[in-house]
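Attaching a single structure in structure tokens format; questions to follow.
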Amino acid sequence: MVKISLAAAAVLLALGFPLLFSGPFPLHVAIVTLIFAGLGVAWNIMGGYAGMFSFGTAAFFGIGAYTSTWLSTAHGVNPWLGLLAGGAASALVAAAIGWPCSNLRGHYFAIASIAFAEIVRTHFNNWKLVGAAEGLMIPIRDGGLRVFQFNQSKAPYYFIALAFLALALLACRAISRSRMGYYFRAIKESHELAMVLGISFVRYRLAAIMIAAFIAAACGTLYAQYVLYIDPESVLILSVSVQVVLVTMLGGAGSLFGPVIGAAVLVPLSEITRAQLGARGTGVDMILYGALITLISVYQPKGIWGFFAGGLPRRKRPAPQPRLEPSSPGVA
Amino acid sequence: MLNAKRTLLLAAAALIALPALAENPKVIKIGAVYPLTGNIASTGLDCRRGAELAVDIINGKYDLDLPLARTEGIPGLGGAKLELVFADTKGEPKNGLGEVERLVSQEKVVAIIGAYQSSVTKTASQATERLHIPYVCSDSSSPTLTQRGFKYFFRASPHDALFARDQFNFLKDMEKKGQKVKRIAVLYENTEFGSNVGKEVVKLAQEFGYELVADISYAANATDVTSEVGRLIKAKPDVLMHASYITDAILFTKTFKEMNFRPKAIMTFAGYIEPAYLPTVKQDAEGIVVRSTFALDLAARKPLVAKVNELFKKKYGTEMSENAARSFTAPFVLAAALDRAKTTDPDALVKAIEATSFGPGQVIYPWEGVKFDPQTHQNVFARGILVQIQKQQYVTVWPFDSAAAEPLWPLPPWGTN
Amino acid sequence: MLQQLANGVLIGCVYSLIAIGLTLIWGVMNIVNFAHGEFLMLGMFVAFWGYALWGIDPLWSIPASAALLFLLGLAIYRFAVSKVMKGPMLAQLVVTFGISIFLANLAVLLWTPDFRLIDKPLLAGTWNLGPLQISVPKAVASAGSVLVSGALLLFLQRTRTGKAILAVEMNRDSALLVGIDTERVNALSFGIGAALVGIAGGFLAMYYYIYPQVGGLFGTLSFCIVALGGFGSIGGAFAAGLLVGIVQTLAGYFFDPAYKYAVVFLLYLLVVWFRPQGLRGW
């Protein structure tokens, strides 16, 4: 009962937010939060559920943003169509890179994702067709929803971002409850287990990566249409990918709403501390950020959601195995 | 009866209060967006200082030819004082957007200045264009900023296409002095700034009829640049044009020395004029030419420069730098426009800025002044100069009529001076 | 061409020194220290402040870098990393990211984002060896890196503690079986790993510029190097470091300097796809 009323309150707040806080800055923070929440959900599908911890989400975010922007500025394609094209392009690239990487484990996968994302960034940085380092600017246009650009107010962006997030969450939930989700959890637990169960885990891993890439790309298009300017330094850099991981981790990886909670805490924290402290130029907000992340990993790896779901964290007990526990430390 | 008495009392009170109100000049807030943290925070600090000094001069009473220096505050608005509200962009374009919106909606600034990095200025000015707020930029150099047909955006300083052209004009002038040049190499860091310059140089090399023998871009934070320099050596250019930030400027200078790369001239943009460059590389920088808008030796022909530099030194303990000098201009444009418009209404302000007309004696650069093109809102009088490092000082060498010394050509061998 | 190869080897040796610290930590604890680049940065700052405050040349302050970083490594292990050892993989990945953000920005707060350079190092200039020009500080750094790596190998193979570390690297459970205190080994390895990259920082400070974010690219490269070399393999990490240095330089010279790091990353991907355990890993 409590859960339902909390959920209802959250939904009402989400819908009514632009009425309560109608200034451009709070809406800006909210929109960025929603975009990162969406990215976090995308990441969660790959990482939180299927155990593939990618630090290269920015690559798909960027491919989405660049595809739709380039199509619209160079060829007049409607940004909504561009969004679909970006999603498709992202998914294809994801499949291409995901297939050879599909049996990489843990740290190797993470590093491979960093390497891949850096290659993408370097390439876009030098690719004259898409403006190379200068990036692409979207001209100011009237037309509202039809051209995916709103110049009078930010509220429409907010609602679209909210809709994107809702769709992503629905997708995540559907996957998690489906057979695919069950298999994801199996793969995450153990490769060996997955093999024993005879699952073609390459296929499912690829599926996870492609879906995540599509969602990330859609967020990229939204970002581009909102900021009206993209360049490799703003959409393809490592810190964007890291931010996505941290947001999800903080909120609770592997839980449906984890990324939303994480984004709702981290993004405003970062924006507000920058606004308050940043003008003095000392980076204190980032220090707090780093400390927070470290503390969360150490004390509550299940993230904030872990507090709701499991109460206080308990040390995971080591699996019972025949082994001698050293009775006194420092024998060697 | 009671009502009338009350009304009279209130009216009397109001009449007494009015002069008091009028005697308290308002404060007019101007938003300043700069990278105050992050990799180029030291540049952000430079820009901040330039802008702050400008506002000091406007708000105070100084015997200088700068606009509104001799009055306190803005006379046309009852002596209202300007106040800069700084915001940190961290060098990210999306923060340019966010901070501008915050400054306009929460801090109620009437105009924006900044943001040094062209990529951030792009988004920041898109925000002001949507919000209908004037934006006067005097420190970002991407040519594209004034090619967008924006109504609310103005740029007072020169841009990279002008700077690049300056360098080629210099080469042509040097040819008249008998120094022949045929082969040009261009080297640039691969973000917005560098690649823009690279593009311009490639275009101009063709226009001026030089042979482009190398076109090399690199990552500014490279761990090692021996391969880049190796390629340059192989290309054997007469002149190298290099667009860099400060860190790569230093790395390349060291690597040039290490690998003994010595063309006839090295002509550079930006990084080589940062305050920390020269003290670090000392005599290894001898002879390098840098584009600039400002040089301390202009004081010889323009005493205003020396006076302003004195004020800067007194306030901050260091000489005025190129970046501080550039950011110095925007507040004056705004102050003069506010004075002319006698209102903070954005559209009236824009009209007033369009009518800006500073003379050569009112700027600290060798310009004819400030006047904005009605179409592009670019200051048509903005131009660059070239300074050369001679005996570890920046010396103006071009245009020859503003020069303080003869250019050193070709570059001296390593280890002299 | 020969010159470029030589340069590749020179920068490669420095990469190797950075990488062996990382591979030690990885091999022993199965943790990628994403804050490794920041340890490098701190080592560089130790060298810088030694120079700026007391005029100590970076060459002599290297032991200080090593010692301070060793202590820092121990502390970070004790207070953060040890607690995630039994936690989920994600926590293990992220904890060092958090530390890296914390350290880099703490450096910004303490020392400003300005970059610094040691302007009059003891070792400067170039040697002319026949057709080659070898930068003196880079050569010394490379020699130092080889010496330190050699010393590490000797330590691991000849001393009791070293052998304990190797044992844990090879098989944690068996090591426990024979009574090795794995916690102590972990802490030591983290400390030694940090000390090693601190030494690399001291060498690098002789000729590279120093600022809080300097760890970024070096860090990313070192992850690839270690994974290339195979996790846990000191020799593999050393070889991979040299390989990356050479590939980077040759790619920059023959192909396109703007892509030189992309080529390194591509190499990493290719190796890892066809030989997932790296060149010499197990």
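Each chain carries a letter (A, B and C) given by its place in the written order, and its residues are counted from 1.
Just so we're on the same page, contacts are C-beta pairs under 8 Å (C-beta built on N, C-alpha and C of every residue); 3 or more make two chains touch, one makes a residue touch a chain.
Everything numeric here is computed off the predicted structure, so don't read it as measured data.
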Original post:
Which interface, named by its two chains, has the most contact pairs?
Top reply: A-C
Subject >> Of all other chains, the one whose Cα centre sits farthest from subunit C >> reply: B
Original post:
Whole-Å distance, subunit B centre to subunit C centre, using C-alpha means?
Top reply: 40
Original post:
What whole-Å value do you get for the distance between subunit A and subunit C if each is reduced to the mean of its CA atoms?
Top reply: 30
Subject >> Distance between chain centroids, defined by C-alpha means - subunit A, subunit B (Å) >> reply: 37
Original post:
What are the residues of subunit B that contact at least two other chains?
Top reply: 37-38, 41, 190, 217, 219
Subject >> Shared interface positions of subunit A, touching two or more other chains >> reply: 122, 125-126, 282-283, 286
Subject >> Touching two or more other chains - residues of subunit C >> reply: 108, 113, 258, 261
**OP:** Spell out the part of subunit B that touches subunit A in their complex, as residue ranges.
**Re:** 36-38, 41, 44-45, 86-88, 90, 92-95, 97-99, 101-102, 104-106, 119, 122-123, 126, 129-131, 142, 144, 148, 190-192, 194-196, 217, 219
Original post:
In their shared complex, at which residues does subunit A touch subunit C?
Top reply: 47-48, 51, 53, 100-101, 103-104, 106-108, 110-112, 114-116, 118-119, 122-123, 125-126, 238, 242, 245-246, 249, 253, 282-284, 286-287, 289-299, 301, 315-316, 318, 321, 323-326, 329-332
Subject >> Footprint of subunit A on subunit C - complex, ascending >> reply: 26, 30, 32, 80, 83-84, 86-95, 97-106, 108-109, 113, 160-161, 164, 173, 176-177, 179-181, 183-185, 220, 223-224, 227, 231, 256, 258-259, 261-262, 265-266, 268-269, 272-273, 276
Subject >> Footprint of subunit C on subunit B - complex, ascending >> reply: 37-42, 190, 216-219, 221-228, 230-231, 246-247, 250-251, 254, 257-260, 276, 279-280, 282
**OP:** Quick one: which bits of subunit C touch subunit B in the complex? Just the residue numbers, please.
**Re:** 3-4, 7, 11, 108, 112-115, 117, 119, 126, 133, 135, 207-209, 211, 213, 216-218, 221, 248-253, 257-258, 260-261
